[in-house]
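Each chain gets a letter, A, B, C and D, in the order it is written, and its residues are counted from 1.
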Amino acid sequence: MADYKPGEMMTVAAARALRNEDVCFVGIGMPSAASNLARLTHAPGITLIYESGTIATRPDVLPLSIGDGELCSTALTTVSVPEMFRYWLQGGRMTVGFLGGAQIDRFANLNTTVVGPYDRPKVRLPGGGGAPEIASSCGEIFIIMAQSKRSFVAKLDFITSMGHGEGGDHRARLGLKSKGPTKLVTDLCIFEPDPQSREMTVTSIHPGVTREQIADNTGWPVRYAANIAVTAAPTADELRVLREVHARTARAHGEAA
Amino acid sequence: MARFLSLAEAVQSIVRDGDSVAMEGFTHLIPHAAGHEIIRQRRKRLTLIRMTPDLIYDQLIGMGCVDKLVFSWGGNPGVGSLHRFRDAVENGWPQPLAVEEHSHAAMANAYEAGAAGLPLAVFRGYVGVDLPKVNPRIKHITCPFTGEQLAAVPAHRPDVAVIHAQRADREGNVMLEGIVGVQKEAVLSAKRSIVTVEEVVDDFGPRNLNAVILPHWTLGAVVAVPGGAYPSYAQGYYKRDNAFYIAWDKIARERASFQAWMKDNVLEQGPEVFAAHARRLNAKAA
Amino acid sequence: MARFLSLAEAVQSIVRDGDSVAMEGFTHLIPHAAGHEIIRQRRKRLTLIRMTPDLIYDQLIGMGCVDKLVFSWGGNPGVGSLHRFRDAVENGWPQPLAVEEHSHAAMANAYEAGAAGLPLAVFRGYVGVDLPKVNPRIKHITCPFTGEQLAAVPAHRPDVAVIHAQRADREGNVMLEGIVGVQKEAVLSAKRSIVTVEEVVDDFGPRNLNAVILPHWTLGAVVAVPGGAYPSYAQGYYKRDNAFYIAWDKIARERASFQAWMKDNVLEQGPEVFAAHARRLNAKAA
Amino acid sequence: MADYKPGEMMTVAAARALRNEDVCFVGIGMPSAASNLARLTHAPGITLIYESGTIATRPDVLPLSIGDGELCSTALTTVSVPEMFRYWLQGGRMTVGFLGGAQIDRFANLNTTVVGPYDRPKVRLPGGGGAPEIASSCGEIFIIMAQSKRSFVAKLDFITSMGHGEGGDHRARLGLKSKGPTKLVTDLCIFEPDPQSREMTVTSIHPGVTREQIADNTGWPVRYAANIAVTAAPTADELRVLREVHARTARAHGEAA
């Protein structure tokens, strides 16, 4: 088995969740790395869409921002941002939305707005961007986040985007027809929602990770599914492709430094 | 009707203290040169509108030009926080900053509605989230056909839109391509506008029949500022200077280093430095 | 996901009796060949939707395929009346035709809203006119910000959209250019779709970064039918046969001459005649 | 003075109403002929927009339909029809809308929908198309129509697009900020709205036309302004340009016949 870092395991596990036939609304950063890894490995037909308007983009290097020129020049076409949010996102054409966040709770609600009170924030985060409507309009949501007690919290200061809300049928009660977060991939494990309570529940643990580690990095008492898998370690091919794309990206973004 | 002006004249005649100003650009074609000119002319009490306020808004906020920000995502894309924005919100430096916060969908729809001459934008959004609790300008309407509750926000109608584009022709028609963001909508929703362009050409020549073109009579001032989007990019002209975005994190982190950089690179410079930035970037890439 | 089918297969598998069908095209790229196939397959009880029903809808109505028409302008552009449409409305021949009538603005907004996944379209319209008195699907909402009354119509959500475009690539992505009308919106608002194209190419090749392209996964069937828009036109391929539009006035004026023409030119023909029409037109123009 | 037909006088008089700086939403048929005549004579800078989405088009021959290829290939750019109706018409960017119609009343309301009852029409006309919102959204409206008792009627069977409604401040009471019909050009004369009543009132009579002729071709008692001009006859240059464009058009449209 190849040697790899927890972040690589996280990206690889997230990439595997994507299918060849998915139409994926891609957030910047780790979601973008995972989505492109999927495209470069098992899902060459996947359609990647960024909120900057690029449809079916095939970047050779990972974008630093959501609107790098590489995304546009390798896209099938690029539409305006109002069209992206109206016809493509709200139009219900995305099978998957791929998000990250600053804070998450056990129902996979996300906070990227503020730490502390909204009017007098301790930390002013960037804000929701596309996330509120990505979370409600895409068929399902995959979330990728490194685990820590600061980011996996018992109670969010602010709900920027809705996961399963207060759990149970909360989404359905609000009229949402989409599934919400179906996978939360971290550097330690994979969570999926419990069929009834919709609480995010560990269903797979990455090789070598202990339940104690998971507990130490989660701000709520973690629930485990009845049957828990061990995540398959990254294959040599997955690692090679991921590292190559990261190397190309570093060269491209560093070249003007 | 578009007038060809210098950048100083354009900002002098079009941007006023207290205006609401939308300087748009979605990573691509961000009007940095125009923003610097607004800072040099010491505009005050502005309400800045933008989906993705980044470095140029960080600079305007840090230089005390801004009373209020209307936005949906304020960060240094791919890098981290906007330190001047955070300092204004968290500590009121150099002055308090009022915030009207939306989602991207709301902002994009609000520009679209403004361009369409409507008073409001209607969309399916803000379900189960906290923003409507802190932003009283988010309301709802009921669909008279289905009974569904839909989100509504006021249309954006900025006093001034400022954008950067690739080309203008001699009549002052302006062409954009690539990631076109909400720039067309920003201009069409605004009362007045400034468009900086990479170059002015005799004729656009053969072009796609559906090219994104703003007719001259929809525009206020057109200004040739080669490199005027630097450190963002202009598709077909120069790439994004990702290294500068990374470097900005350090420059903007402390008030003193920010002020020193602004003095050296904005207050004591003119728009001609942007062409040099773009040339340097292209030389490195080659 | 787009499948490459023959025209007969596409209509067979996608258009059902009783469907609401939007065959769009604003003078340009009108899907005549597909319309003829629907007639040959004897579809019944259709609700036809279109901003500008012209000859192909006149033919579908006259052949008894249509129960209801949703439209905003029904004429032979630049020539006069649609005689089969008028005969159905005025005399119920060959069967009564229910009419749901809108303005262009309402129809365009209703497609836009359908593409955007909304239940309704909101716009400023129908002020001081009689259509709202005869169309109960025209309602109003009140802007919660300004108190203004705005018109509202239900979004179009046709069962099937049928359009003609210039090109598809081997994946089934479809490119349009020129007068693009509401075709993109019609496809994106529909549950199923058929796109006929002038040609299938290996690769679109270099193209405008913002070209109007429908990704293959938004489409149902893609069918190569060269000349398939004749007697309307396909920009870059062949011109509009204005002479045929003028000739249609005489053909359609009487029931008998209409039926004879339909038998000779539609019922007893196949889609391959369209390529011949286009060739003939180009030969005459040369 | 050159010899000319009443229809030529009508087109020339309508063309003259347009200004070089106008942005004109052009209806098909006579409005299109008049608008292009203006562009080819005194108003070379005029922006002509057709509802098919063509902006700043400069056709060499007159289009038969609202979406002829000539309109697109000579345009500055062509937008989608939803964009045309949202950003350009409803956006309030047109200084003038140029309309024709099947029937008109003395307040310049137009009917292009039905003759007879709506549910059992004697004549089913094409319908309103863009007219209802052109009439309300453009800065002002010019109408061009040949006069006859069948088309200039005391009472419309159907109001397809609003002119001055019931007269007076009717438009303002409905919240309209645009001026409505400011000129009605016929083959006999020119009407303009009375400042108070907004009834269309003859302000200029074409050379050689009598008030009796006007009365014989109008379905209501015609009012005349205090000062009435005689319309200047078409100049030799106006006639030459108009006839050339019609000849080019006939050749182009007939070539496939």
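Operating definition for what follows: a residue touches a chain if its C-beta (ideal position, glycine included) is under 8 Å from a C-beta of that chain, and two chains touch if they have at least 3 such contacts.
Since this is a predicted model, take the numbers as computed values, not measurements.
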Chains shared as neighbours by subunit A and subunit D?
B, C
Once you find the CA centre of subunit B and the CA centre of subunit D, what distance in Å lies between them?
41
Geometric centre distance via CA averages, subunit B-subunit A, whole Å
28
Hunt down the residues of subunit B that sit against at least two other chains at once, touch-wise.
112, 116-118, 123-124, 148, 178, 180, 185, 209-212, 235
Two or more partner chains touched - positions in subunit D
72-73, 78, 86, 90, 137
Taking touching chains as linked, do they make an open path (line), a single closed cycle (ring), a hub with spokes (star), an all-linked set (complete), or other?
other
What pairs of chains are touching here?
A-B, A-C, B-C, B-D, C-D
Partner subunit A, residues of subunit B touching it in the complex
26-28, 51-52, 71-75, 77-79, 81-82, 85-86, 89-90, 101, 103-105, 108-109, 111-112, 123-131, 134, 148-149, 178-182, 184-185, 212, 233, 235, 239-246, 281, 284-285
Could you pull out which subunit D residues touch subunit B in their complex?
21, 23, 47, 55-56, 72-73, 75-79, 86-87, 90-93, 137
Subunit D residues within the subunit C interface of the complex
28-29, 51-54, 63-69, 71-73, 78, 80-82, 84-86, 89-90, 113, 118-119, 121-133, 136-137, 158-162, 165, 170-171, 174-176, 253-257
In the complex with subunit B, residue positions of subunit C that touch it:
116-120, 122-124, 137, 139-146, 148, 150, 152, 154, 177-178, 180, 207-212, 235
Contact footprint of subunit A on subunit C as seen in their complex:
1, 112, 115-118, 173, 184-185, 188, 209-213, 215, 217-218
